[in-house]
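For reference, chains read A, B and C in written order, and residue numbers begin at 1 within each chain.
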């Protein structure tokens, strides 16, 4: 029986900019169960990172503001905690790793210092104990001669190794949830595969839930149990992995899957792309945000924003049209 | 942690600075007994002085440093060696440290009192002077004064005769020559460096025979070349008169008094004489220290030979100096000096003429040159005003300009409207025209703020030879200016000319004088074009040496108080200015003859006639435009007492501190 | 690291020679008579005096001969002694300073150093602290105020500020006098009962346990320190601020926060060490520049430092003094640069010095 550990409802986040108020997230809801891996997929700018940063309240408060919603973690609403209480959650209960390993580590502090920092903060252990565990962590993520490397600096590691260090750092306090914000985007392909394997192994050993954000559908396929597709600051489709790939119901998802280059694709076949650019919303969406780019668009799409509705077991989609028929449902 | 530490540390520094500001600003009570007395009388005069911080413009009335005379000015000596010194700053120090045969009788530039002498005799022909040397005089370092010390001092000075030094005057008096090298060369036509040892020894012997000491008789005899009526005046100058302790000097490595290798001490670098920064004299003050760039400090001579009750002149000082310490502070920036004056840290400050109006509101007492003082307001300044100075500024013409290779000052070098030819100023009419085209009144009121008088010629007002009751021939008269131009040999009036007048950048007075001349000339004829150019001293020097400057506005400060020291420099062909005037031979000979005649006569009235003739001729012939004599002021704190103005002092407010005192 | 340092120091003599040659080359643009102006106080009285002076000091010798003379010295014809020569350790005699050049520098350096060090500490400390505060409170009130103050500090001309401060705090209030010491303190310091260790009044007075003189020395330093450091303070503040703003934007800041660190620790532990790296270079060079003296401040407060000396030497064409100061300045700059670079290498682990 799966235990729900994170329950986000109706999350809305806005940013004040010179051009106006940007509605980055417009009512996002999702759940994460203990030990499961959830993938969040979408183009750059659709609001995936902002969602997770909002949950951890790492959004800079001017110019951003979380304007609505709740995020219950073990039945405690994170959005209502004090900053101090939040600090004991970050890094200890929920950890996050980021996209660019080249810039995500502090260049002037040793790896050892950065690794032991969260442990010394959240766990009551001595410095020697922390160092020991740091060495263990490095070995766990596959970095050899770990003990000597504690004194090294980030620039002495390659990109892939840095990302491993990031993971080690994130897992140092045994968090319940690991949020990985596009962790392989900046790595090259072979390293990517190694990294994904590592993460799988770590999850098997430690049992944390993983929220994996990516725009790369290929990578997520082998990793997640459930997938959520995001567009215009909203989830527009949700399904189990196999179901989503086999049976995408939202025109955007179809487009995403179609645009994947396939090894078994026909030679000299042009890659399918979706015309247009993702929207920047200066007001809450009153129509379907994908409508301008959708090949199945009907009049209703421009008048009202569809809500997520179940169309099959564990498969929700937010669309007015049945893409099998091309007509309204 | 790091930034916190830094912040804390800097806060500590700032805090301690603020705290120290609240620390008492005045002298700790440990000072001598004079302090309480001073404070009492101060309290009487101005109760507001208790809280000077409150009133925005309350003058500083607490007499700080009651036993020190703090003299704040710009400039410092080149050296403290009197024999080397030919500038007023060094001379002023030496006036307090060294003594000679005579000194001025208080403010009287014409009468003298004996100092290291007790009396003197002059022979009939006026060329042999014999002085009786005082007994019981001790040097600062302990030696005793004897006649041979006096003779040694003069001989050493003459033999030293450093390049561009003051001894052209002294050697002129003793030998009729201008340098000791010329004395050694004589008629041989050799170079000085090629002279034989014998010839050098001979020169030295000549010098030694010029000043002879008789220790037994207690006299020193000066053998001059000819009758020298101004000899006493010249004897107030330390480059001639300062008396050293011969034994001490030799010990320190100075000339040993023998004629064997005197050349070793001849023409030394400024820093290479024994007396460069140490001193050993007989005077009322002893040199304490000289920190170059900062200050010179003197301290009262506790063993001064002059007994209490035996004053130098009637009613004058005697015994040990009243003011125990003297500090000459070098502060180049006017604003800072003014601040020190207001704060009461300075007893005297040097005030360039353009800043005088700034101080006028705080004039508390105003005195004139005779010492008549009036209360003006409750300001803190004791101002001495309308003080004539023994200085004069002419604009001299170069009558043979070097135009070879191009000379920007002379433009095209031809009389074509774009320049002037080499002998432009040979024409007396042109010189007179220029003299008429100069607005003397504007000069006095604009450039001098009213503090000056127009010169009548080379001889200054009050001096023998000045034509009393007569106005100068020239005044600003465009009509006469035009007339003279038209009388000129060339057709300069039609053609016009162009020339440049150069002045030393930074010297506002000279700049204004140049511009007044320019304005006068250009107003009278549109074809006349004059450009006024400022340049650094180095460039000016270079141009003048090359004979390229057509007009030069210079300045002469008296060396000794006699008309000879005015007529000679300006009009004699060997004079400091006369030698670059390039007068045509006949005229030059006439002037030379007159100047030499005036110098040779002994009878005052005869001399008066000659010098008055020189004065008139110098105007009529106009080898220079005789511009002005400046009038000055001196600014003291009101607690400086017993000051008097002697214009002949190298520094009128510093040269004889022995006579001053501090008190309310 | 050591080889790096040694290599850099090796270049030092070459730089010194190069710079002095440059100065000599500039000299050759002056005529010997212009250079003779140093030795005369006014237009010479005697005919031929200028030419004699030129000959006496060898001012019309070819430039490379004069340079050689400056390097190895000159033999006095009469006494047979050798005078001068940099290679003999003799910098020559400073006409402007009235003592040997080396003496002038030795005499004035402590004053300049005292002023520099005492300015540097609050200057650097305050500006860095304020810059960090400004960046952290970006666009809020403290930031706005500090930015305005920085602009004012940057724009106010030193001499105007200095004179105004002097007029108000000294002439009117008599709180902070110019120069280094009051007369009474100066007399004690120069007497036998006071031992000189460093020639710096603040330190020496503490070592002599004379706190009254210490406070007096501090009092005299207040205004010069404020005057000369205001511009550098403004500059360093802005540099720190922009460096800090830049650092705060970096990804590793988010990483640090995601670890659960509180904001203060994030700023201090993660942002500041990065932000200070460029500040070290700028601050270091500013401090080194102060060791060459500050002409305007020294003139206004009559502070006997190296700045005034250098300016006076240049104005008077006192070549020997200018060259001596050039040597000194070049040495300080090269050495200082080296120290800053080494510091930089220590503080930023990404820099490799070799």
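Just so it is clear, a contact is a pair of C-beta atoms (placed from the backbone, for glycine too) under 8 Å apart; a residue touches a chain by one contact, two chains touch by 3 or more.
Values in this document were obtained by computation on a predicted structure and should not be read as measured data.
Undergrad: Can you figure out the chain closest to the middle, judged by Cα centres?
TA: If one averages C-alpha positions chain by chain, the most central is C.
Undergrad: As a test of understanding: of all chains, whose mean C-alpha position lies farthest from that of chain A?
TA: Farthest chain from chain A, going by C-alpha centroids: B.
Undergrad: Averaging only over C-alpha atoms, locate the centres of chain B and chain C and give their separation in whole Å.
TA: Here chain B and chain C have centroids separated by 37 Å.
Undergrad: So how far apart, in whole Å, are chain A and chain C when each is placed at the average of its C-alpha atoms?
TA: 56
Undergrad: Would you kindly tell me how far, in whole Å, the mean C-alpha position of chain B lies from that of chain A?
TA: About 90 Å separates the centre of chain A from that of chain B.
Undergrad: Residues of chain C touching 2+ other chains?
TA: Not one residue in chain C touches at least two other chains.
Undergrad: Contact residues on chain C for chain A in the complex?
TA: Chain C reaches chain A through residues 250-252, 254-262, 269-270, 273-274, 277, 347-350.
Undergrad: Please give the residue numbers of chain A that touch chain C in the complex, ascending.
TA: 53, 56, 58, 83-84, 87-92, 95-96, 98, 100, 103-109, 117-118, 121-122, 153, 155, 166, 169
Undergrad: List the residues on chain C that touch chain B in their complex, please.
TA: Listed in rising order, the residues of chain C that touch chain B are 30-31, 33-47, 49-53, 56, 78-79, 93, 95, 97-99, 104, 108, 118, 121-122, 124-126, 128-129, 132, 163, 166-167, 170-178, 182-184, 190, 212, 215-216, 218-219, 221-222, 225, 268, 272, 299-302, 304, 308-309, 317.
Undergrad: Residues of chain B touching chain C in their complex?
TA: Checking each residue of chain B against chain C gives 1-3, 6-7, 9-10, 13-14, 16-17, 19-21, 23, 25, 27-28, 31, 52-53, 56-57, 60, 64-65, 68, 70, 76, 78-79, 86-87, 163-164, 168, 178-179, 263-264, 267, 269-271, 277, 289-294, 327, 329-333, 335-336, 338-340, 342-345, 537-539, 541-542, 544-546, 554-555, 569, 574, 576-577, 579.
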